[in-house]
Structure formats: structure tokens, C-alpha cells
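One structure, pasted below without further comment.
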């Protein structure tokens, strides 16, 4: 056995285990895996996720500003570019399949849960340093990978319903797929890279608070979808 | 006839009249005026208001950073100083009367409504300019003056209950009193000062959106108090 | 003839005409056009320009953060991406032809002129809004186009020396070429786009001061190259 | 006696010893101690120091924004307040004795050395965290205390010339005096407070670079005074 040092991500997740479970095992997620999620809930979620992505692109742009390390800047800009020019385009395509065209997306009012989550992340990055910012980003980036992989691995849930035609199968496949899994792993590695530079024992509690809050805001985001909250 | 030009604040308030009424006429406010607000609700509100004030002080510090005009900087710093060294101290005294000591205040977890409101304001100021920031601050600063004055002027509500001993009379008197009314008027004047420098017709809609969101977040803050929401 | 409204860029340039001439007609530029610039001066300039580009990429990343308009964000990110993944790569190739490899570039100490210019631009963008930031960026982006075009149009200078083999001909051609001219024109259009949204008469003087300082810092940058200043 | 752990400030100073000596032993400083500094140089320095203080107040306001620790916020705001409402007032009084009234000060163009130094410090604080910001501020705050104390302790220089009436004696006394020495010591303690929270071995080199640059920019500031540079 080798590398026994847990990643910073794993340490943070372990420190907020209850909140992590409430996020990754949220009713929205379970119903999505079973294919029983109401379509209106998924559509509400999709629209807000579009608005969310715009602010997430801003967060990576902020991360690019906050470094002078060329390789780190290139990774951050690749994330912005990936969101703005690939992910948002895919999202727009995907939403059209659910009856939401680009004009409809652009005209959506921002839900409170979307606003609360995105501004929290951005403000973390401005008040703090790159490590604070990437910790705030990580429950989303890495959590979606974990959720996708978990749903894809549940034969009783997904494969059965896929047989019946789980309408959310392509969503699950995307996040379970190797491309997204690599994005999630790169985010874990980026956190460890920054931790090697900037993590002190004295900062761990504050980073846990940031991570916990971002995790709770992810759960709120599912809740917003499920309840069609404005 | 005299000054017929409405202030920017009045224009913004008129543009979001429904949300403004929902904020200033919230059940929390009405019950506070009638003296019927549950003490637990008031205590929950007070504790979160303490945390809120810390972030509001940060917002004025940010405003001080964002200008090189000495008089504007001095006004912003007077606000920070007023919050940190007077208002928070008064707040701590006041809270002790309600059974919350300073250690209890400092240990309070931040409610979601507190977090959402304060990070929204701060991020407005970082992404935009001073005008964006002061617009986001104004529903709180000016609205409390309006609420205090309105409650103090309702004989059927306040004076009767004060006769019976409205437990919130001193809160109402503080915001209705001449010192706070002057703070609120200065905030209106500060907005007009910035508008003269930086307001274009093309920005009005975006400023309305900022003002509307901040007003909604104020209403959410009352709701959090009333429902004891975490 | 129609469109008689001058661009904001032209108004700013006219307002600081002396400084603009001192920048675009600097001895470094004239000697570069004549092919008489000492190679050591050019090499010193090239190395510092590499460091400069990294901070300019940060400035466009900051601009991307500071907007929620998707099209504006995409333009800003295209600039970051262009600098980080095309311009810097070209720069590294170009520098190798002048005996500076990538490791040498990365190890260069930042000259004072480089530091002063880049931090001024970034801080403008953080204290102010997008208009302040793009005004601070414009003397570089648009000025290089103007300098390239002017040098390419001087037969007595360039073509003669190119005949003799002006060693800086490819530099001139790059900035005089259609690709870069389009970048410069897009920057002028972007300023007018922002001016339509955010320019008031009251802001013009402050924007002129920003533009003048950035123009002077460009002249200082040439001076640094010419004098090999650290 | 024990405490053998050097302060972070002492470690940084030791790491850039040559630059530190060039700053604290600059010709401007030596001539000031001997009373031989041309009055025009001192007057130029004084005027720029006024502009410098405004930006330093902004830097402490930024530091107040960047924390949620109430005590740290209060210390930062006390610094802003001290600069804006005491130091600048004293400065204005002092300048009047040298023939510079407040209107003259406010109308001064900002010298390049003033601009370069202040924007560097502010941008450090925005790109990085509080530790980056306070390290960038420390050569000024602590260095002036060291310079004042050193000049006051040179009998051959100061006391003799004070006997003859060193025109700069009151400047020296101010920085050598117990009030300012306490300010300098508090700045050293604040750095150690932040270092305990956020310093890793991996950050030391980058902090040294920040400290070195700020120290060089202080020397440039003296040079600007001595040469009357615009």
C-alpha cells in the first residue's frame, strides 16, 4: 500500500460528513437516479444551472487573475473556456431537448439559491486567497463527479430505470463519464497543489467552514430544483 | 415649488414598489410595532443582525478602498467606525438585555439569510463600482429609517403598546430617532452624489435589479427572524 | 460622410496628445523603424514584454470576472486565451530567435517599469468598474496597432531598412498586419460599447487621467528597453 | 532570556539586507539626519507623502474588508482612521510650515514613484491574502520607525545639527518618538499574528519578493524626493 496521505478534499469531506451526505444523497439526486424526479423540477434545476455556470466561469476568471503562475493561470483559463465555450453550449443544446431555448435561459430570473451560492464563492475568492476560492468551488466540481459515479453504479436504480428509459440517463452518464471524472480528479489535485503552498494547520477550521457552507448551498440548490423555488 | 427631481433612492424604491412594501411591511415589522413579536424571533434576529453588522462594516471598508476622494473616504470610514465601535457595542449592550452576551453572539452560526444578503452586497461592490455598492447597501440603511419612522407614527400600534410596555419600543425609538434619521438621509445624499458622477440611463435597470435583490434579501432576513430559520 | 461622433478612444487620445506623441514617437520606436535600435535594447524589451503579457492576461481575466454579460465575458476570455495560449507561445518562439529561451524568460527579474505599469492597470480595474479597466488597457492594445501601422507606412524608414534587412521587420509586420489591426479596432469598439453603458460627462476627466497615466507608463516601458533599466 | 524566534519581519529584512540598507541608509535619509537636505527635496517628498498616505489608508481599508475577525478589523480600521483623521491632519499642519497649504497638496500631480509604490501594495492585497498585504505594507510602517530611531541616536549628526537647528528635527522626533515606535511594533506583531495563521515554508520566497519590491519602492520614493522627480 502506498500514498496514505488523504487529499485535502478528502479531509474536508470527512470533516463535514453529515452535510456531504445531505448534499450527495439529496432527494433530488435519488429521484434523478430512479428516474422519478418530476420533469418540472429538472427543468427548473437546468435553467438555474445555466445561470450558475456563468458565475462559476467568473469564479475561475477570478482564480486566473489571482495567480502569476503561468501553468496555474492556464488551468484556470481552461476551466473558464470550458464552461463558456463548451459546457454552456452543451447545456443550451441539452436544455432545448427539455423545451428551454437560449432566449428563455437568458431571460430566467435568478433564483435565490443560485444567487446565494455563487456570490458566496466569489466573495470567498476576493476576501481570501486562491486556496479559499478553490475550496469553495470544490463541492460542486468534485461532488458532481461523485454523484454521477454513484448513480451510474446503482444497478437497482439506474440500469433498471434506464431499461425503462430513465429520462435523466444522459445527465448521469455525462457526470459518470471519463471526461468529467478527469475534471473532478484534476480539481482534487489542484487543491492539493495549493495546499502544499498555502495550507497551515491554523487555516483548516476556516477552510472547513467554507467547504461546509458551499456543501450546504449545493443541497439548497437541489432543494430549489425540487420545490421549484424562485 | 421646489426640488422636484426625485432622489435616485426614490426612483429605485418606486421601481420595485411591491418588493419594498413586502420588506417594510413584513409581518416581523408589524408584529414588532404591535409588540406581539415572539421574543424568540426577536432574539434570533438580534443575533444574526450582529453578524450582519460585521459584514456591513466590511462593505463600507470596501467602499473606502474603492475611492481616492478624501471626503468620500472619510464618510465611508466614519460608517465603518460607527458600526464597529459604536453600533456593535450598543448592539452587544442591547443583546445582553435580551440574554445574549458577547461570547454567545460571537459563537452564533451564521444563518443562510445573513450569509446570502451580505455576500451579495460585497460582491456587487467588487464586480462593479461604488455606485453599485452603495445601491446594494441602501435598502438596509434607508429602509430601517423608514420602518422606524413609520412604526413610531402609528398611534394605534406603538403608542398603545408602549403604554402597555411594547418590549421593542427602544428598538423603534432608535431607528425613528433623529440620529438614525440623519444617517438615513446622508445615505440618500451619498447615492445622489455618486449618481451625479456615474449614473447613466443605461445603468438604471441593472441598478434596479441590484436594489430589488437587496430589498428581497431584507425581507428574507425578517422571515429568517420570524421562522427562527438557521 | 457619416459617423462624425469620435470614439471614446479618439477623445482620450486627443485629450492627452502630448503624452500620446511621446509614447508613439518614442526614440525606441523610431530606432526600431529605422532598424538602428541596439539589439540589447530590443532583447531587454522582449523579455519584459513577456512578463508584461502575463499581467495583461490577468487584467483580461479580471475583466471577465467583472461582468455577467455572457458576450462580454466571452470576448474578455478570448483575450486571456489569446495572450496565454497564442501570444505568449509566439513570444517564446520569437524570443528564441533572439537568444532568449523559455527558462531564461521565466527567470527574468521584473523591471520596475513592467511592475509599475501592470499593477496600475490591475488596481484601476479593482477600484473602479470595467470602463476604468478597459481605458487603462487601451493605450497598449490600440497604441501598438497605431505604431505598427505608422512604421509600416514610412518608406524612408522601414522599406529601405527592410531592404537592408531591418532586424525588427517581423515585429513591425505583426502589429501592422490585419490580424492585429482587427484586435486594435475591437478594443476601440469595446470601449465605445462600455461608454454607451457607463460614461457620464462627470467621469471623463478621471478617465483621461487614467489614460494619460497608462500612456506615460507605455513611454516608460520604451525608456526601460532603451536604457536597459532594471 | 529566551524568545529566540525571530519575527517574520526580521526574517524578511535579513533576506533582503542589501535592499534594506539601500532604503534605510539612502542619501535622502542621511542628509535629513545631518540637516543638509535641500528644502526643495524635503518639500517635494512631503507633498508626495500626502498623496501616498491617502493610498495607504485605502490599503488598510482593504485589509479591514479582507477579514471577518472583529479584532483584526478594528485594528485595520484604527489604522485607516489614524491616517485619515490624525496623520493627514498633522501632515497638512506640518506642510503649512513648509509653505504647502491643503489646496496645494490636493492639486499636486502624483509622482511616478508614488503611483508605482501604492498600486503595487494594493494589488498585492487584492491578488493575495491579508498576509501578502501586510508584508507589502511593512517596509514603510516599520522602516520609518527604524529610520527615526537611528537618526535620533546619532549624536554626531542629529544632536549637533539640532543644536544648530536641524530643520528636520521635528520629523525625526516624530518617528523616533514613543507613539510611532509603538505603531511600528504593533505592525511587527500583526505580521507575526498573520504568520501564525497563514505562513508556510513554501510561501516564504514569494513573501520575500513582495518585501524586497516594497523596500526598493521605498528607496525609489527617497530618490524621487532627492531628485525632485515628477
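Order of writing sets the chain letters: A, B, C and D. Residues in each chain are counted from 1.
As a working rule, a residue touches a chain if its C-beta (ideal position, glycine included) is under 8 Å from a C-beta of that chain, and two chains touch if they have at least 3 such contacts.
Values in this document were obtained by computation on a predicted structure and should not be read as measured data.
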Contact-richer chain pair (by C-beta pairs counted) among A-C and A-D: A-C
Remotest chain, chain C as reference, centres from CA atoms: B
Distance between the centres, which are taken as Cα means, of chain C and chain A, whole angstrom: 37
Inter-chain centre distance, chain C versus chain D - centres from mean C-alpha coordinates, in Å: 33
For chain A paired with chain D, centre-to-centre distance based on mean C-alpha positions, whole Å: 45
Chain B residues counted as touching two or more neighbouring chains: 58, 65, 67-68, 122, 126-127
Footprint of chain B on chain A - complex, ascending: 58, 112, 115-116, 119-120, 122-123, 126-127, 213, 216, 220
Chain C contact footprint on chain A (complex, rising order): 54-55, 57-59, 61-62, 64-65, 67-68, 70, 73-74, 76-77, 80-81, 84-85, 88, 106, 122
Chain A partner contacts - residues on chain D that touch it in the complex: 65-68, 126-129, 132, 196-200, 202-203
